[in-house]
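Each in structure tokens, the structures are laid out below.
Look at the two complexes coming up: subunit A is in both, with subunit B in one and subunit C in the other.
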Partner chain A sequence: MGELHTWAGVLLGVLLFAVFWTGSLSVFDKEIDRWMMPSTRLHWDDSMQRPSLDRDIRPLLEQRAANAPVWTIILPLERTPFLTLTYGSEESRKSSRDLFHPITLEPLAKPLTLGASGFIYPFHHNLTLRYKNIGAWLVGIAGMAMLCLLVSGVVIHRKLFSEFFTLRLHRAFGRSTLDVHNVAGVALLPFHLLITLSGLIVAFAIYYPDAPQHTYREQVQSGVSAERAFLGEALGRIRLRAAKEPGELAPLEPMVAKAEQHWGPGSVYLLRVNNPKDANGNVLLRRTSHSSVTKDIDNFRFANVSGEVMGRFQASAMVNTWNFIAGLHYIQFRHDALRWLYFLGGLGGCVVIATGLFFWTQARRKKQQRHGHLGVSLLDALSIAGVCGVILATLAFLLANRCLPMQEQLFGLGRARVEILSFYALWLVASAHAVWRVMRDQRLGYLHAWREQCTAIALLAVLAVLANWLTTGDHLLATLRSGNGPVAGTDLCLLAAAALALLAAHKLRRRVPQEETLEVAHV
Partner chain B sequence: MHLRDVIQPATTATHVVGLCALAYFASAQLVGLSGMLTWWAGMSQGDAVMLALMLGFIYLLLLLLWGFSRERRRNAWLLLGGLSLLAWGTPLLLQVQA
Partner chain C sequence: MSDAALYSLLALLLAVLGFAWLALALPNHWRQVHGSLPLTAPRQAILRSGASLMLGLSLLCSLAGDSPAMAILLWLMLLSSAIVVVACLLACQPRWLHTITLLTLLAFAGLIIAGVVGLKMAG
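Then we have the complex of A and B:
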């Protein structure tokens, strides 16, 4: 068990850190979106009058995408305070997306960024490597390794309860690092077990794609895909073919009113019109999951032309168990305090992983001095690039968002793509810096690399706050005064990150002479 | 550098990767078998598959922990291999019987 804990941690620690870091940020992805998309810094609460679907919103769709095969209307919500319309083109079903002011319905300036929900969140679950789900598989392997680490961690730490109360920050560096690792690991163990297992369970279709084959063999024999049959029955995901005959879309408001008779007023947040101009089109209505932990996948389906109910999907108790687990992971419920606890729990996971890596390399350094292996130095570089590097990359992404000119095309690429390139470019630079520092001085280079990258984190975080102020005029005092929580919260978190990084850099600076003294004594 | 210095880590790496793959294969077969058995026990098809899918990750975790806690590598391979074969063959056998 000890070996399993060590090697699973060492080999997958860096990937796990990236997943936990981006997962923690994804808890506030919509809020970071507000920071990255200044045109969406609006206010909406559920007591406000929604725009009329037939009078106000339908003309916008007719005007922009009359012949699109699918229209999606996402009504304004507290965390997404704008109207979103998405539609495919005649040539391609790939959706384009437009945002509108929730009251005036004026088109909002194109954000020209994917934001946190379009980049950081996908990075969390698939590392943005979508080809054959390679990224999702890597994340899945890391997730399963995390579960093994948690269980084997409990087994190897037999003095679990005494370690829970043992935090000796003023003892030797290695001892205090291990104490932080143990205390954070034990205190957050239930949260980490829950979040890791739920993260795997929500992506079941990727990890166990053949699961329905035996159970749905009759459907398979009649030519229906087992997966499709399962998704239709269990999750209500069905596709209806177009009749290829013209049809006129019935009014949408009565459909919403009918659904809300069952679900409660204001509960519909999404309408998807499949084949809007076809006689066999249909309108799918989804309800929000704001008032419960369980992710709500119930839906109403109406006939396009007649406006009559075609079907109502209600998840079974078993599927709602899965919905509950998915809801625990997706955090779509409305509860700010819980959201902050999730965020802190996720950051706690980052601390456990980073201190685990740091302790392992520290402990192996003495062995390295005796045997002269390069392995520990390389792992040091990998840890620095994996921990500080990904944080620096995130800050580069935010900074690029505020500093790049607001033009659709930059250097022959889309602006959103340039932001993502900034993320990877700075990660690459941080990795190169870590390798260079560690290889140049195999004794103390790792301390210099950690310290310099911590200082860079502090610098970039402060620059991001300043860039937000200079480009939008929304400085911290103004956003705090106006109650603009998402922007003020993001700025405050950036400043807190800068302060913590500076503190870490300061402690590391004090550590270098101590290490030198120890080295001399050892020689 | 001795040949042993290369062979030993390579053997360990092969054991680790192979055992992970075998544990995953066994868990995937157990998911299929669990779905089928719970369906036969009276659950609806969708519920049976959903339950089996959620259990799949628990199976995998237990198999990995069990496999890596064996002192003799050969035992882990034999027992996980046997379990995989059993879980793979049982649904086929039951389908033929039906």
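Then we have the complex of A and C:
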């Protein structure tokens, strides 16, 4: 069990850290989006009057995408306080998206960024390596490793109960690192088991791609693809073929009213019009699931021309079990306290992983005091690049978002791409710095590298807060006073991160002379 | 403050108290707080049953504030937070645990007396 814990931790710890880090941030992805997209820093709550679909929104669609095969309308919600319209084009499924003020319906300035929900969240589940799902598979392997680590960790923690609450922060460095690892690991065990297992179950379709082939044999024989049969029956996603004859779209408001008779007032948040101008089209309505853990995927479908109900999809008990697990993982329901606890629990996971890596390299270093320790040094560099590196990269992403000029194209690339490039560029620089520091001084270089990168984290975090102030005028006092939670929260978290990083750097600075005297004593 | 938030706070408080008592029922932590005072079997039994009672009450509080699925999820997360809080208290201010225990006992005694008096008055 000890070996399993060591090997799974050493091989996949860095990857796991990146997944936990981006996952924790994804809990607040929509709030970080508001920070990164100043034009969307608006306010919306349920008591406000929704814009009229037929009178206000339909003209916008006609004017912008009269011939699009698909229109999607996403109504304003508390965490996404604007109207979103997306339109497919004839050539590609990839659609363009426009945002509008929820009350005046003025078009909002294009965000020119993917934001946290468009980059940090995808990074969390596929590392943005989409080719053949390589990234998702790596994350899946890391998830399995996390399960192994959790179970083996409990087994090897011999004094689990007698030292349940033991946290000797003032004792030797190694001792306190291990205590933090143990206490955080044990305290957060239920959450980490839940989040890792649900994360794996959510993505079952990637890890068992052939499952529908076996379940839907009959449909496959009658010429329907297994994936289509599965998507239709289990998830209510049915594809329509255009009749290629013109048709006129019926009013949308009555459809919403009919659906809300069943779902409750104000529950429809998404309308998708397939083939709006064709005789064979439909309008699909989805509902919010604010008040339940289960992610609601039920839908109503109306014929586009007659406006009659074509069908109502209600997920089966089995699928809803899966939706419950997915809801546990995605935490999109309305519960601020739980969202904060998830965020802190995820960061706790980062602490467990980072202290585990740090403790392991420290213990190795002590054992191999007399020999050269190239392997340990390289692992140190890897840990530094994996822990501080990804945090620095995230800060570079935020800072680039606020500092790059608001132009669609920069250096021949889209602005959103340049932000992502800054993320990877700073990660690369941080890795190079870690390797350089560790190789130049194999005895104490690692301490300098940790310390310098912690200082850099503090610096960049403060700069990000300043950049937000300078580019938008929304400084912390203003956002706190006006109750702009997402922006104030992001700024406060950045400042807290800076303070913690400075504290860590300070502790590491005190550590260097101690280490030196220790080394002398050993010689 | 909304009722739900109040119930969540109460649930957190009870979870911290519960784990504080549970920590004191462990010989190592008892020694940390009380030094040479022996942890006798009755003391340990009282601490343990008091801890279970408070953790149970904490669950009831979170159930009162939310729908069952969310309440249980919240309770699990509050338990984790409470463990971390108690561990930090033990690391930095172990004597506080003693004070907390006494205050909890007083609060419970007060509640019971208030309950009895209330019943008598009603009767």
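Assume the second predicted complex is superposed on the first by the 518 of 523 C-alpha atoms of A that agree within 3 Å, B and C clash if a C-alpha of one lies under 4 Å from a C-alpha of the other, contacts with A are read in each partner's own complex, and residues count from 1 in each chain.
Please note the rule applied: a contact is a pair of C-beta atoms (placed from the backbone, for glycine too) under 8 Å apart; a residue touches a chain by one contact, two chains touch by 3 or more.
As the structure is a computational prediction, the values presented were derived from the model and not from experiment.
Engineer: Please tell me, clash or fit, for subunit B and subunit C sharing subunit A in the overlay.
Structural biologist: fit
Engineer: Taking CA centres, what is the subunit B/subunit A/subunit C angle in steps of 10 degrees?
Structural biologist: For this superposition the angle at subunit A equals 90 degrees.
Engineer: Which partner does A:Leu421 contact after superposing on A: first (subunit B), second (subunit C), both, neither?
Structural biologist: In the superposition, A:Leu421 touches no partner, neither subunit B nor subunit C.
Engineer: Kindly classify A:Leu42 by the partners it touches after superposition: subunit B alone (first), subunit C alone (second), both, or neither?
Structural biologist: Neither partner.
Engineer: So in the superposed three-chain picture, is A:Ala211 touching just subunit B, just subunit C, both, or none of them (first/second/both/neither)?
Structural biologist: After superposing on A, A:Ala211 lies in contact with subunit B but is clear of subunit C.
Engineer: Can A:His335 be said to touch subunit B (first), subunit C (second), both, or neither?
Structural biologist: second
Engineer: On the A-aligned overlay, A:Val293 touches which partner chain: subunit B = first, subunit C = second, or both, or neither?
Structural biologist: A:Val293 sits against subunit C, while subunit B stays out of touch.
Engineer: Could you look at A:Ala184 and tell me whether it touches subunit B, subunit C, both or neither (first, second, both, neither)?
Structural biologist: After superposing on A, A:Ala184 lies in contact with subunit C but is clear of subunit B.
Engineer: Using the superposition on chain A described above, determine whether A:Leu344 touches subunit B (first), subunit C (second), both, or neither.
Structural biologist: Touch partner of A:Leu344: subunit C, not subunit B.
Engineer: Quick check on the superposed model: minimum Cα to Cα separation from subunit B to subunit C, whole Å please.
Structural biologist: Nearest C-alpha pair, subunit B versus subunit C: 19 Å apart.
Engineer: For the complex, which residues does subunit A have touching subunit C?
Structural biologist: Subunit A residues touching subunit C: 161-170, 183-184, 186-188, 190-191, 194, 291-294, 324, 328, 333, 335, 337-338, 341-342, 344-345, 348.
Engineer: Name, in rising order, each residue of subunit B that touches subunit A in their complex.
Structural biologist: That would be residues 16, 28, 31-33, 35-36, 39, 43-54, 56-57, 60-61, 64-65, 68-69, 91, 95 of subunit B.
Engineer: Which residues of subunit A touch subunit B once you look at their complex with the stated criterion?
Structural biologist: 1, 3-4, 7, 144, 147-148, 151-152, 197, 200-201, 204, 207-208, 210-217, 229-230, 233-234, 316-319, 321-322, 325
Engineer: Give the list of subunit C residues in touch with subunit A in this complex.
Structural biologist: 5, 8, 19, 22-23, 26-29, 66-67, 69-70, 73-74, 76-81, 83-84, 86-88, 90-92
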